Amino acid sequence: MSFNTFGRVFRFTTWGESHGPALGAVIDGCPPGLSLSEADIQPFLDKRRPGTSRFTTQRQEPDQVRILSGVFEGRTTGTPISLMIENVDQRSKDYSNVALAYRPGHADYAYDAKYGFRDYRGGGRSSARETAARVAAGAVARLVIPEVKIRAWVEAIGGDAIDPANFDPDQIDANPFFCPDAAAAARWEMRVDGARKAGSSLGAVIACEASGVPAGWGAPLYAKLDAELAAACMSINAVKGIEIGDGFDAAKLRGEENADAMRPGQNGPEFLANHAGGIAGGIATGQPIRLRVAFKPTSSILTPVETIDRNGEATEIATKGRHDPCVGIRGAPVVEAMVALVLADQKLLHRAQCG
Amino acid sequence: MSFNTFGRVFRFTTWGESHGPALGAVIDGCPPGLSLSEADIQPFLDKRRPGTSRFTTQRQEPDQVRILSGVFEGRTTGTPISLMIENVDQRSKDYSNVALAYRPGHADYAYDAKYGFRDYRGGGRSSARETAARVAAGAVARLVIPEVKIRAWVEAIGGDAIDPANFDPDQIDANPFFCPDAAAAARWEMRVDGARKAGSSLGAVIACEASGVPAGWGAPLYAKLDAELAAACMSINAVKGIEIGDGFDAAKLRGEENADAMRPGQNGPEFLANHAGGIAGGIATGQPIRLRVAFKPTSSILTPVETIDRNGEATEIATKGRHDPCVGIRGAPVVEAMVALVLADQKLLHRAQCG
Amino acid sequence: MSFNTFGRVFRFTTWGESHGPALGAVIDGCPPGLSLSEADIQPFLDKRRPGTSRFTTQRQEPDQVRILSGVFEGRTTGTPISLMIENVDQRSKDYSNVALAYRPGHADYAYDAKYGFRDYRGGGRSSARETAARVAAGAVARLVIPEVKIRAWVEAIGGDAIDPANFDPDQIDANPFFCPDAAAAARWEMRVDGARKAGSSLGAVIACEASGVPAGWGAPLYAKLDAELAAACMSINAVKGIEIGDGFDAAKLRGEENADAMRPGQNGPEFLANHAGGIAGGIATGQPIRLRVAFKPTSSILTPVETIDRNGEATEIATKGRHDPCVGIRGAPVVEAMVALVLADQKLLHRAQCG
Amino acid sequence: MSFNTFGRVFRFTTWGESHGPALGAVIDGCPPGLSLSEADIQPFLDKRRPGTSRFTTQRQEPDQVRILSGVFEGRTTGTPISLMIENVDQRSKDYSNVALAYRPGHADYAYDAKYGFRDYRGGGRSSARETAARVAAGAVARLVIPEVKIRAWVEAIGGDAIDPANFDPDQIDANPFFCPDAAAAARWEMRVDGARKAGSSLGAVIACEASGVPAGWGAPLYAKLDAELAAACMSINAVKGIEIGDGFDAAKLRGEENADAMRPGQNGPEFLANHAGGIAGGIATGQPIRLRVAFKPTSSILTPVETIDRNGEATEIATKGRHDPCVGIRGAPVVEAMVALVLADQKLLHRAQCG
């Protein structure tokens, strides 16, 4: 695999900088004959879009996607699908002070250490805008796995978690936080507003469930479904942790508490628990796949932070410009997209080896 | 990447079943001229070996490695290095009752769903014995990255964690638990003994630190160092979660608490904190890389568990044979090996692109 | 590797159909810091462009390339480089009769057999226009290997070969045939004119030489430099054969005739012959790399040919529209581009493994 | 793809040096449930074996293969299949004079240039013995493609070709030359005997046909079936050229002569010719796939040749030891194996993308 390509059979490569003219993705290995148009992709981009509420970054981007290849008469041809999203609202001048100084927690210093220089505008390629390309690619991936339903939501912001007893899936798209708990959503509105006004930022935990995955997808060990999901989610900007099923809580259980016992069922076994989160030995068991992803708080804050500049001299930096007080909120559609991309690839891989 | 191959430039493929004649690894892309012999590998295998204490599985395997290719006159030639470890103590008859029934929490059901049948003996390829091949490969990887020091330890067993104030690295190899806290090691002795006698099992959390990694290793986004580490560790049998740096705790911090401020230093910047765990934007910052891995409890327990058999009929299963009451203990050398393998690959990748 | 991605470290993926809105390439793994602008790429596209003489297809395409990412302040950033070339002169109506019938020698039937349907306009993705994307990518590859000089020329058209005694490299760019033999160029003018007027077509043989490749590039066996060059050239539309060095003629020589003896030289050995074409055991020897590529005649001819239609019924087909009477002519810049792409990848691979 | 791994879904990695203890292959991505034992592999190794006649090298190797993993109760499990062949008859002392001097035409000098040193014994990894591992892997590949019949034969030795009018497939296995023309076989006996006694060597051309390949296998452009076959065959030691269908002869034909016209047939179209050699646009057309491979003469000859030694000083070298007067003869089973490996991979790839 290359530096910027993900997947084995259903593969995608993204390109584009935050402040370049456009972003895009090239999707490779898509089965032919699937109905595809911009209308299949745009809704997912709209869900992710910045500037839709005061709780996310104030950059206004229409994020209109164009399909440039791989589709003929409304169906995928099996050849590469090129998607492009043009950047409109770059405001490069907001970043003028970061050209010389390194923002702590950002990749600035690391990029310079690796490449010798970097496109500093808006975080260049490390910007969260790159996720627009992933979300677009994820929309295409969903067409490959119509049998699967993928849904992500925000489980906690700044340590304040939802109450599982209040879980209502219909709430997820009813508030700006992808929050399934209306009471939590109300609390979060005040928290995030407060963080934004204070020039601070908050972390978040995203939960995601994929149901309808047939038992058998995933290959043992190095293409383990859980390893692939881990890599996919960990590759999202600001992610610092991932759990499958009970995750770190499983480490506290005893064997008999953690077992997912089975009974005979109508279509395959009926499981009595799902501590494993739908994956055993790297292969899907047929149970819903459950995972949780930890997003650290945005490193772009208005509070000055001690840092150094390109000459190694001490300085301070406070990032101006428009920023997310909580990047995790918009992480939910991105996590969904990555899960879709991994599952599409795994479906084709399984088909390759096992028919 | 293939089903069973890991890495991009420094690549390895493992093979072998738990109850087959042997296990092995083929390492590809190793730089030439490195001094290598069995003596460089064997100590790491011995550290990992089953049967070394009553706290781990009672299977007695010498795990003697042989180098079959890729080395001439004591140095790597740059051509593939084939390592082989012969299985000695298989005791297949212990697994006779699992041929027909599925052990909950194991990959049995999932394997059958994928492949139609499976080598049920000792878990076939899903067995933890495959990790012997990884540990051997990891020993070779270490030769590629002499500048890096990798150390893993057990941080908690069954929810009982070490006390950071008692952290003493010299304790790690002084007890059977790779535990840096002597007091915790004493408590764990009783816990694990108890679990073993009760036919139960416990989970564990492994922490790992890699210091000396130069800033710059890692490539943005899809070959992100943290994503690669996540995939590598998640691919270890029984792993259910992984964190980099503060991990899920970062999700509870505010931006200004999570920032790793910088000051001028002698060789590059001096960081005032390491919430990021040594990686930003997928690239190493030069700080120690810190990660934590969650191991679920062994699914092989002597308590009968409700399950189904191959015909879909209800049955019970209690796995006899020899098992780990806590697989996480031996996970520490495996985590070290995976970290070494990823870092070796990343070093060469960085060299490929940036010289 | 994917269906449409080539290379291991310096990788590129192309996209785009002949009659879609655009074509492009995403280049991945390019070293950072290289000076790059459209001006570095455009001349190679111009060399390849259709419509530049009556001897090539009459489609008028400006083939203007745009760099959409991966470059900042005139230098490569190390992140993916996206190149786009817009299609202007598609004339879809010329292809209306091929929607139902299969053109013999084209991929039409094979595409339908694979995908179930196809974008029939202008050959869809099997069209030679895709090579514009490759030529653009090849221009970027050249920046990675400034030490190498690559030159291709047409050696024969329709069985009429140049006379080695008349070989003058300055003639290559002085006629529309990339022909180093002025006398042959004059003959070819009449041949190709005749073929075009008759609605027929001719094959060609392209020769290419890459000098300045240091000994050591290339990896044994499966990443053999000659195997990679073979795959790269064979992937060009209409290519049916490839030779390295003496090629099929070597099969007629005796061992002592084929040996490339060596003497001491100033910078490494002085070779007394180059039957091997610069590659031994898959690794460059430091001698000029020589290869020859055979292009079959264009399958699009105005003479009606017996074929079947989509319903399996007998019909005839004569392709109208604008076509190359000899695609091999424009194959020369494409061969150069592919050789550049392979050598750039091999240089980085060598650097990865051997420093 | 890695340095020593070939294929995308059905992948294999070989390892082992000519004078090391063993050679082997790890096959990855093999579908589960295929019946496999050593008896399925051994006959192909026997066909390839050195020492079976005075016309090939006099090294006596039993080439007994062992399956070490990936098979249970006689069927493939879907997990990696490890094959091992032990070296018995190394005779290292025969190579003592080549430690310091470079044999022209061999990879000696190139290996040293790349790696800094090399395993000089018997050509180390560049030795033709590595092909034993490929032939073993090819035997497994054949199980994946039972619908395909693959047959290779020697078409010419030292420029002396068979007479197509005398082609009798039953002769191929009836003489030591895999020659389908009994008269040619008789002439070749004298030629090769003469070359061997003179300490010289001869080149050869191998032809191969694969019939029964369904239309649709192969993916456009970078996973083109012909490009994959080209890479696979060119990676065989001593290969210098490859043609598909009419190959270089197609470059001399006019479009109307080269067209493979079609008529309605019973199961898909009936083709009136097969100039394309069964592949169009990189995809199989359903016609027999035909290819030709050129082998240069063995570089190991008893005639002293001018060369340099490791210190760059002039010297002469005449290789002693046991050598093939015509490596091309044993190239036939190797070409068959490579074709099988590519077709197995392509079958699974097609299944992945198109079901």
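Should a chain be cited, it is by its letter among A, B, C and D, assigned in written order, with residues numbered from 1 in that chain.
By our rule, contacts are C-beta pairs under 8 Å (C-beta built on N, C-alpha and C of every residue); 3 or more make two chains touch, one makes a residue touch a chain.
Chain-to-protein mapping (UniProt): A, B, C, D = Chorismate synthase.
The structure presented is a predicted model; accordingly, all values stated were derived computationally and were not measured.
With chains reduced to the mean position of their C-alpha atoms, the one farthest from subunit B (Chorismate synthase) is C. For chain pairs C-D and B-D, the one joined by more C-beta pairs in contact is C-D. Per-chain CA centroids place subunit C (Chorismate synthase) at a distance of 26 Å from subunit D (Chorismate synthase). The geometric centre of subunit B (Chorismate synthase) is 46 Å away from that of subunit C (Chorismate synthase), both derived from CA atoms. The distance from the centre of subunit B (Chorismate synthase) to the centre of subunit D (Chorismate synthase), with each centre set as the mean of the Cα atoms, comes to 39 Å.
Looking at subunit C (Chorismate synthase), one finds that residues 2-5, 8-9, 14, 29, 32, 78-79, 114-116, 125, 220, 349, 353-354 touch two or more other chains. On subunit C (Chorismate synthase), the positions that touch subunit D (Chorismate synthase) within their shared complex are 1-6, 8, 14, 102, 104-107, 109-111, 113-116, 125-126, 130, 156, 158-159, 195, 200-205, 214-224, 226-228, 230-232, 234-235, 237, 239-248, 250-264, 268-269, 272, 275-277, 279-286, 294-301, 303, 305-308, 312-314, 328, 349-350, 353-354. For subunit A (Chorismate synthase) in complex with subunit C (Chorismate synthase), the residues that touch the partner chain are 2-5, 9, 11, 13-17, 20-24, 26, 28-29, 32-33, 68-70, 72, 75, 77-82, 84, 114-119, 124-125. Residues 8-9, 29-32, 78-79, 220, 348-349, 351-355 of subunit C (Chorismate synthase) are the ones that touch subunit B (Chorismate synthase) when the two sit in their complex.
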